[in-house]
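Below is one structure. I have some questions about it.
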Amino acid sequence: DFKRAITEVTPSFGSTDNQFESYAENGIINYGPVFDKLLQSGNAFVEQVKKSNRTPMMSVLLSGRPGCGKSSLAATLAKSSEFPFTRIISPNDLLGYNESAKASKITKVFEDSYKSPMSCVVVDEIERLIEYVPIGPRFSNLILQTLAVLFKRTPPKGRKLLVIATTSNPDILKDMDIMDCFATVLSVPSISTAKEFQTVCFELGFTQKEASEAASFFTSPITIKQIIMIVEMARQEEGNFIDNFKMCLEDFNIRNF
Amino acid sequence: DFKRAITEVTPSFGSTDNQFESYAENGIINYGPVFDKLLQSGNAFVEQVKKSNRTPMMSVLLSGRPGCGKSSLAATLAKSSEFPFTRIISPNDLLGYNESAKASKITKVFEDSYKSPMSCVVVDEIERLIEYVPIGPRFSNLILQTLAVLFKRTPPKGRKLLVIATTSNPDILKDMDIMDCFATVLSVPSISTAKEFQTVCFELGFTQKEASEAASFFTSPITIKQIIMIVEMARQEEGNFIDNFKMCLEDFNIRNF
Amino acid sequence: DFKRAITEVTPSFGSTDNQFESYAENGIINYGPVFDKLLQSGNAFVEQVKKSNRTPMMSVLLSGRPGCGKSSLAATLAKSSEFPFTRIISPNDLLGYNESAKASKITKVFEDSYKSPMSCVVVDEIERLIEYVPIGPRFSNLILQTLAVLFKRTPPKGRKLLVIATTSNPDILKDMDIMDCFATVLSVPSISTAKEFQTVCFELGFTQKEASEAASFFTSPITIKQIIMIVEMARQEEGNFIDNFKMCLEDFNIRNF
Amino acid sequence: DFKRAITEVTPSFGSTDNQFESYAENGIINYGPVFDKLLQSGNAFVEQVKKSNRTPMMSVLLSGRPGCGKSSLAATLAKSSEFPFTRIISPNDLLGYNESAKASKITKVFEDSYKSPMSCVVVDEIERLIEYVPIGPRFSNLILQTLAVLFKRTPPKGRKLLVIATTSNPDILKDMDIMDCFATVLSVPSISTAKEFQTVCFELGFTQKEASEAASFFTSPITIKQIIMIVEMARQEEGNFIDNFKMCLEDFNIRNF
Amino acid sequence: DFKRAITEVTPSFGSTDNQFESYAENGIINYGPVFDKLLQSGNAFVEQVKKSNRTPMMSVLLSGRPGCGKSSLAATLAKSSEFPFTRIISPNDLLGYNESAKASKITKVFEDSYKSPMSCVVVDEIERLIEYVPIGPRFSNLILQTLAVLFKRTPPKGRKLLVIATTSNPDILKDMDIMDCFATVLSVPSISTAKEFQTVCFELGFTQKEASEAASFFTSPITIKQIIMIVEMARQEEGNFIDNFKMCLEDFNIRNF
Amino acid sequence: DFKRAITEVTPSFGSTDNQFESYAENGIINYGPVFDKLLQSGNAFVEQVKKSNRTPMMSVLLSGRPGCGKSSLAATLAKSSEFPFTRIISPNDLLGYNESAKASKITKVFEDSYKSPMSCVVVDEIERLIEYVPIGPRFSNLILQTLAVLFKRTPPKGRKLLVIATTSNPDILKDMDIMDCFATVLSVPSISTAKEFQTVCFELGFTQKEASEAASFFTSPITIKQIIMIVEMARQEEGNFIDNFKMCLEDFNIRNF
């Protein structure tokens, strides 16, 4: 029937590496100091949960516009934590469940995490999990309330838990009064300088010369995901690649603004 | 009982040609360079999905006013892709199902597509699929959320998927915050010049002379679907055909503006 | 139990003449050129569906204030089409069904129509069928969406269908974005001149002299249905009939404006 | 259990006199020409339905503020019609039924009426029947739509039906777009002159002298129901009756304005 | 399970004295002429129902701010009526029932009352019974409609009924259009003068001297319930009682304004 | 299945000490006179319920911003009351129950409390219990109404009950008209002076010198919970602890304002 299992929580604890396969499909590009800083903060939270007894539980929010790399970063942090229990709760895996089944599945992941000494749970795309749409606005209050409790609830004595949640829409989370659930919020930026743009292009297979020419086309912030899409579009066209890239980038800028 | 099967998804993969029969019932008229460009863009997306490994999944939106030819164009692109799995999800085939059955049927088509190495899924008339009405406004958030996930969800490793969706109402999709699901949006225009108008008339069986006289009646953008309706009305009337056509066109312009 | 059958759709195709009995109960009065033109347009649509292959399906909307004669006109057109399958979908026959049963009954009539080579379906009082009330506003979106699909869905190859829908409230149909479903909209007017008023009175049994005196009382547009009601009220009163008629008409005008 | 039968519709047709017992509990006082005119209009409708073949069905609305005597008047007209089938549909009898059971009970009364050659159905307190409350506003759209159809639906050939509905809130009926269902609206006034006030007092047992003294206290429109309440309050007090009456009337005016 | 019986309605008629035990827990203090007048009005209604044949049914509303003594007064009037059937319908007894069970329980009490020749039913805290909350606003329209009918429905011939309802929020009852259900509204005031304040203090066990000193602290209207709370708080503190009382009263005034 | 038992109410009465374990996880720091006063008021309510016969039932509300220590204080007061029956009703324990099950569980705790001569019930995070979200706003009116009754309902004769409720959002409780349920409201403040800040730091393990240096960084009110989080973040960083602390505090202030 129309139900698909959420990423199965195996009875024995421990990370399920293959769950991370579908994240960061195009790899992680270290595009400069801004990204370095971000990774460092993320890793510090992992350390704090590991070592501090006063904060055995922490919830952190990654926010940034669509495609900026939130899911990829969250998955990368969770994986590199090497905690015995790591899970990703994603709308992709919850399609076909009604709101109460979703709330139940989500709760189950957290309660499983309480059985491991050290856990990391990624809660990806909060607004999609709560089925948010700005018209109305509508959303599942059941799922929202469930998350609001889970983001704050301390695990049993001696257990530790890091929660990494992602959102493209931090304003509505503020309007929903659930920002207080998070110890802190990290902004995941777009590619915002010609320098970063050049690095990304180079990492995507441009020659040094192509990358530096490409950098001169940079006009406004753009996500890595969008750059990848534009590069691949340009590769379909006949003729000079860099010219095509320039044209595709311009087309993109016109369509989106 | 009151249920009708969605265009049956055959257990073996591959396109079901007869599904396309009811689209572009009046054929495709190449009315000039604007249409050429449109077709070319559409075909480039097909190529990109076929070849690029970084973008194994793409969702494209065709938008334009009612009757401008979105469904016909989408069906034509899907058919000419010659992908082994091609399907059209249309409100016509979902009449009589409740919102959860609709969401389930839609999901099923996508999950079937994941089993084919290369697939193209047309999602026709999003606003009708989500049962949108501007008063309220009301719509099925369940179907909307399902589409929002499916338009972005990457198929399993090695599988490729092109999604072509259509809408007459891109503004409400923007209001619903699902435009980010699409890699790009193509506008399907109306017939907007006397030259295009003349070509369409000629292709609809006017003599060269009639067509060029007709072109002189052109005042404001009109869709091919509307031109066809007006031509057929004119054919019912007695007397000079071109005079009748002129009168019917004037009547139409008065009634619609 | 509390269910009443919709006008039964007989297994064999063909019109069910007695269904039309309860329409135009007071006959059709040809009150002048305006009505002539209306009838002629209606008949042209019948012809177009019969003959054109490019427009095997057409939906036409009759709009006008309550009592102006929409239902009577629609029924008259359907009957005179002499199509083998003619049906009226009316709120009168759907009392006691819930919204999903109504949607199902309506769909059934259309699907039955697809089995006949040539069909005419009257959809009477759209706003009542969708259970519309301006406060809220509220209405059955299920029935609305069903109609929106049915008004546009092409019948199978070789089948032809004329849909004649009626409404007293075209503005809300516009607000609901379903006007595009109709190829055209015909306005059914009220009795708007003293001349028309005189003709109607004469046809209702006034002597020539009474009718021409009555015409002098005409002040503002009024429907035939209202004229009939006023005439019958006047007939209850004692004394001079024309004086009574004048008084009743004045009373009516005061109460309604 | 928690269901009470609506005034039972006996299988054989004909009026059930005892149903009228609980109406006009304090009798009908003819308080002057205004009331005479009202009764006369009511009776004319009865005659019209009896005699006219062009208007075999009529719906009339009685409107007026709470306590002005709408229910009493409607019941009186129905009873005096001496039609073989007369019924009152009242919220008092529908307590404990859900909205769909109410709609069903109401429809049943009308369908029973269609079996009698001549019927009169009183529909008392429309806004209470539809469970209307101004906050929201909320009401049963199911019951409203049912009434909207029943108020207009012609009975089968040869059957005649007079519907008398009552409301304290004609404005919301207008907002709900159901005023067009009624052939006409009769306003039931309050006691609006000192003369009428005097007549009512006299009929309630005042001496001629008391009644004429009472008339001098009259300041603003008041319903017979309210006068009765005030008279009875005054009767509880010790001391001079007319003085007590004056005081109670003043108290009432203060509390209500 | 989660259901608690409403104050049981015994099969035999007659008052159930112990039901009144939990009302007026701190007794009734006659704090002056204002209270005298109130009691007198209440008793007059009891007499009217007993004696008048024209008003065998009366509904009276007690309104006043929280804690002013509405429930205590209503219970006291009902008890002192010595009617064979007296009941209190209170939200305290309806916890755990859903809205339809509540409506049913409430109706049952009224229908039981119709079997007694003379009855008094207290309907305590209407806004809580209808589950009213100003945000939205939300409330049970089912319970509201049930009350609206019951407050007006005349009992069968020869039966008499006094209904005493209470509310802290008469404005919303006006907004809900149910004020017309009541023959009259009595305002239950707060303690509004130093004199009344002194009397209440004295009756609560202050010495004459303490009471008259306390009176000098009086600044703004306060309910007896609040005075009792403050007195008891003051009794917990060490040191001079009157000083403590003054301080607690000041604290209270600061916190509440 | 997806249900978790609320903190089990043992059949025999008496406090369940381990229920308090998960509260005040970081202990209670007496950070100065403001906190002293708060504790003292809390204890006075305990005494009043114990001793006064006129106020055998009291509901008190603790309000303050997230993390200020409301839950810890409420649990501490309840525990130190040494009443034979003490319970905490917390959203943490009600995850997975639907609104009606929650209302039932909550009612059960109160009804159990009525069986003990002396009870204290903590109702933690009212807005989370009622599933409040400001968008809409939405909340469970069922749970709200249940609480509104329980906060005011007097226990049976001879039983005593202290209710301590907590909220971060007293404004919405006011908007919901349930503030009148509480005898009084206590504000739980944040750390608001450099002096208090210094005390807290010292109690968290700073040396006297570090604490006094830390005090100089104090700029604006902050909760103990936030201070703890910042201290623990600082402990993860390499280098001088006080410098890290300063930086983390500054980061925090920037992110939050």
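Note that the chains take the letters A, B, C, D, E and F in the order they are written out, and that residue 1 is the start of every chain.
FYI, a contact is a pair of C-beta atoms (placed from the backbone, for glycine too) under 8 Å apart; a residue touches a chain by one contact, two chains touch by 3 or more.
Here the structure is a predicted model, which means the values were calculated and not measured.
Q: In the chain contact graph, what is the shortest path length, in steps, from chain B to chain E?
A: Graph distance in the chain contact network comes out at 3.
Q: Starting at chain A, what is the smallest number of hops through touching chains needed to reach chain D?
A: The least step count works out to 3.
Q: Distance from the CA centroid of chain B to that of chain D, rounded to the nearest Å?
A: Measuring from centre to centre gives 57 Å for this pair.
Q: Distance from the CA centroid of chain E to that of chain F, rounded to the nearest Å?
A: Roughly 33 Å separates the two chain centres.
Q: Among the residues of chain F, which are close enough to touch at least two other chains?
A: Correct list: empty.
Q: Follow the ring of contacts from chain E in the direction of chain F and write out the chains one by one.
A: E, F, A, B, C, D
Q: Quick one: which bits of chain B touch chain C in the complex? Just the residue numbers, please.
A: 2, 21-22, 25-26, 66-67, 91-92, 95-96, 98, 128, 131, 133-136, 138, 168-169, 204, 228-229, 231-233, 235-237, 252, 255
Q: Show me the residue ranges of chain E that touch chain D in the complex, using the header's touch definition.
A: 44, 47-48, 51-52, 54-55, 58, 100, 103-104, 107-108, 137, 139, 141-142, 144-146, 148-150, 153-154, 157, 172, 175-177, 180, 183-185
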